[in-house]
Amino acid sequence: MSEPIRVGVLGARGRMGAQVCKAVDAAGDLELVAMVDAGDWLFSVADAGAQVLVDFTHPDVVMDNVRFAVDQGMHAVVGTTGFTPDRLDTVRTWLADAPQLGVLIAPNFGIGAVLSMRFAQMAARFYESAEVIELHHPGKVDAPSGTAVHTAQLIAAARAEAGLAPPPDATSQSLDGARGADVDGVRVHAVRLAGMVAHQEILLGTEGETLSIRHDSLNRSSFMPGVLLAVRAIRSRPGLTVGLDPLLDL
Amino acid sequence: MSEPIRVGVLGARGRMGAQVCKAVDAAGDLELVAMVDAGDWLFSVADAGAQVLVDFTHPDVVMDNVRFAVDQGMHAVVGTTGFTPDRLDTVRTWLADAPQLGVLIAPNFGIGAVLSMRFAQMAARFYESAEVIELHHPGKVDAPSGTAVHTAQLIAAARAEAGLAPPPDATSQSLDGARGADVDGVRVHAVRLAGMVAHQEILLGTEGETLSIRHDSLNRSSFMPGVLLAVRAIRSRPGLTVGLDPLLDL
Amino acid sequence: MSEPIRVGVLGARGRMGAQVCKAVDAAGDLELVAMVDAGDWLFSVADAGAQVLVDFTHPDVVMDNVRFAVDQGMHAVVGTTGFTPDRLDTVRTWLADAPQLGVLIAPNFGIGAVLSMRFAQMAARFYESAEVIELHHPGKVDAPSGTAVHTAQLIAAARAEAGLAPPPDATSQSLDGARGADVDGVRVHAVRLAGMVAHQEILLGTEGETLSIRHDSLNRSSFMPGVLLAVRAIRSRPGLTVGLDPLLDL
Amino acid sequence: MSEPIRVGVLGARGRMGAQVCKAVDAAGDLELVAMVDAGDWLFSVADAGAQVLVDFTHPDVVMDNVRFAVDQGMHAVVGTTGFTPDRLDTVRTWLADAPQLGVLIAPNFGIGAVLSMRFAQMAARFYESAEVIELHHPGKVDAPSGTAVHTAQLIAAARAEAGLAPPPDATSQSLDGARGADVDGVRVHAVRLAGMVAHQEILLGTEGETLSIRHDSLNRSSFMPGVLLAVRAIRSRPGLTVGLDPLLDL
């Protein structure tokens, strides 16, 4: 068996970071060599010989962390949010000088979410109608979820590319809001219900048949397979990779 | 075995009426003695000795038909819409003079729809949150469906009676319409999708658990068990009965 | 506002007991006056003036605990398993001498589970077909779940009482096990899937329509509303009550 | 706009053939030039100048029909069943002498069925657990459905290729059949329920999340988009194509 991959985690005491530490520790082919959080000595990650740095920190500090990784010759897997196109360009510039290094930046490490969006995109052009229902715990502040909006946009783009007409809809009398939010012509409905966690259902239909793709995410552990997959893959993916999709080889 | 119940159908060539004729004909304990539609001789129903008259006609003529049934000493099962409180009162007046006769007027003969509304009503007070999703073919003109609005009203009333606070909802940023229509404080979402027929899902949730009641209606034949149940029961239910519920002995 | 109800918890350090302590503590109308586990001084519950004792302990000690509650003039809410008809009779005997005291013994405090079984029972006689699907985490050792077997039995009994014929089923070629387990003529299917917790779906169908009742239970907190409801109700329910159902006033 | 494609239908009075005639007739870019059934003059299809022949007939006559199409220089889209590997080889031999002609033979023209199988195959390697539930009307004679068996086999193959261990399952006490049929290590459950038509749900799960792909087929019209897609595509797909998949460009 080959040597385990040496992994350092930034944001190690955060909710996601702590889970990542546990998951790395439990994986036979990975070794957790450094756990760092705000106030800790960042260079301990380099001192510990980490090959891959995992970052679940904060938009305010993540750019410094990525810069640090590149400077120290470490690959990076980043789940922290707040990456604008400008920030991505900056990272690309840094990587231009380190052509052997790989950085993956992903807004969502849920493999199921990535798969279901991809499937929606692939299937959309075969169906007259498409709508999205997302269901979340009532503590969520935005409606619809970012994932649902993104999913609707992907469906709308696939429909446009296939030259589909707008979905049929004879509604002429409607209570305000009944037909959901309109995202590029695709209706999106947001349910907020105690007892729910994070769920999304994509509904596609044509005369005589419907196809539904449902993703239920119950807790943060569902993101760990995606994080580990990224840690294992990043060393053979030089340059910047955005999103988990390219790693899934779909 | 007892004599079959003699049944006459008004609106016999309409979509619902034709199905009723077939269903009555197929039932061993019922006998189809008259099929009447616009232009036919109404009195043929009485001549044929019908004991129960089934009416799926039109709001413009249904009052005359019910009057005719009462005058001729026939029980009536009525699925025609358009019954205002005034019209119901009028029917009650007529029946006051015919205390042995029963008339049932129901907006919906789907047993599943009636059951699911009843269950929602019974369960509502045990759950912090409640929302309704209805899904229909894209040719439907109203959104949400009348059944969904009625269901939401029943849930809202049950919540109010139990003194529940409004469902928790932290939404502070929302696309227009994302959270559905507000019916007495209960959110209702209407999906319109090719390939769907008529479906409704009632979602109830409290910390750690959810309960969903889903009704899928695929075609008009789903109303026939309710119609036949009414035909069989109406002779022992003198007076006016509104809705199928009282006959289900729930 | 009236005085809070004084509650003592036995098995307070167990998984369920600890949750009960937190839930009682959080409820404005209840006061947690004693937390006792194996090795603790049982009489501290009485000393603390508990009015209602909640027991989530072990079949080996629960009878002594109930006896203690009755002797000390406390009502009891018991979630510990292992109650045979003999044991229930013994409890009844004890309560005969304490006619003002109430004891509730329930195998399942999930209100959703109780409601869905009740709804299945009410609806069963209106449907030609009925099947049950339960879905659980892959660590579960029994298949189907006890709740699913009990649900199927209730459905079978309701069908028998209504004089229904067996559900139609033309299957003549079948892979072993494809049609599920046969529980009193009702088919029950058990899914074991990583990522699932505890879920059950009751499917009822008749020509043209189906009705599904689905219960999703995500964690132990889902039992707390049932426990609190029992604590609040037991003082006005003298004698032995078995199961949560009678308290729901359905 | 280009000339419409000239289409002849064999088995035109059968249930599927009649639907195909209607669908071709309704499509602006297709022209229905011949409708032939048992007892009709087969050569009328050629006389009418059909470019594509659609065959929904019977295993006993389909080989003659395909031979006829190839001899007459027509492309063919075939939904008739009964194609063994030997039969497919024979068709390949015929086509070797007519390299410009295309023949598509597909057991299932439901785009949703094809898509959901493909998605299951793509997603399977990311999930610890996978099971299949199919639900059909109670008149179906085989359990599980051929599609469900095929889906399970595809999942099993994808799991094997990815080197996955068998799905976790701690079941030690089980009622006979509760855990479904075992198809290459994937559990398949068959529900038979009045009111259902043809439905399939693929369940995939890993710690913390599940992904479900559900296909609901309500009537034969759901196969028409697949048939029309094949009619449109076959002229640019010389040789034998088996299954609808290659035409979907997934």
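Labels A, B, C and D are assigned to the chains in the order they are written; within every chain, residues are numbered from 1.
Operating definition for what follows: contacts are C-beta pairs under 8 Å (C-beta built on N, C-alpha and C of every residue); 3 or more make two chains touch, one makes a residue touch a chain.
All figures in this text were calculated on a predicted structure; none of them were measured in a lab.
A count of contacting C-beta pairs for A-D and for B-D identifies A-D as the more extensively joined pair.
Copies subunit B and subunit C of the same chain sequence form an interface built mainly from equivalent positions, shared numbers / all numbers used being over half. The interface of C-D is repeated, with over half of its contact pairs matching by residue number, by A-B among A-B, A-C or B-C.
For subunit C, the chain with the farthest CA centroid is D. Taking each chain's centre as the average of its CA atoms, subunit A and subunit B sit 46 Å apart. One finds 34 Å separating the Cα centroids of subunit A and subunit D. Computed centre separation for the pair subunit B/subunit D is 39 angstrom, with centres defined by C-alpha atoms.
In subunit C, the residues touching two or more other chains are 195, 204, 206-210, 216, 218, 222. Residues 127-131, 133, 135, 138-144, 149, 167-183, 187-196, 203-210 of subunit C are the ones touching subunit D in the complex. Of all residues in subunit A, those touching subunit D in their complex are 110-112, 115-116, 119, 122-123, 126, 204, 206-225, 248, 250. For subunit B in complex with subunit D, the touching residues are 195, 197, 216, 218, 222.
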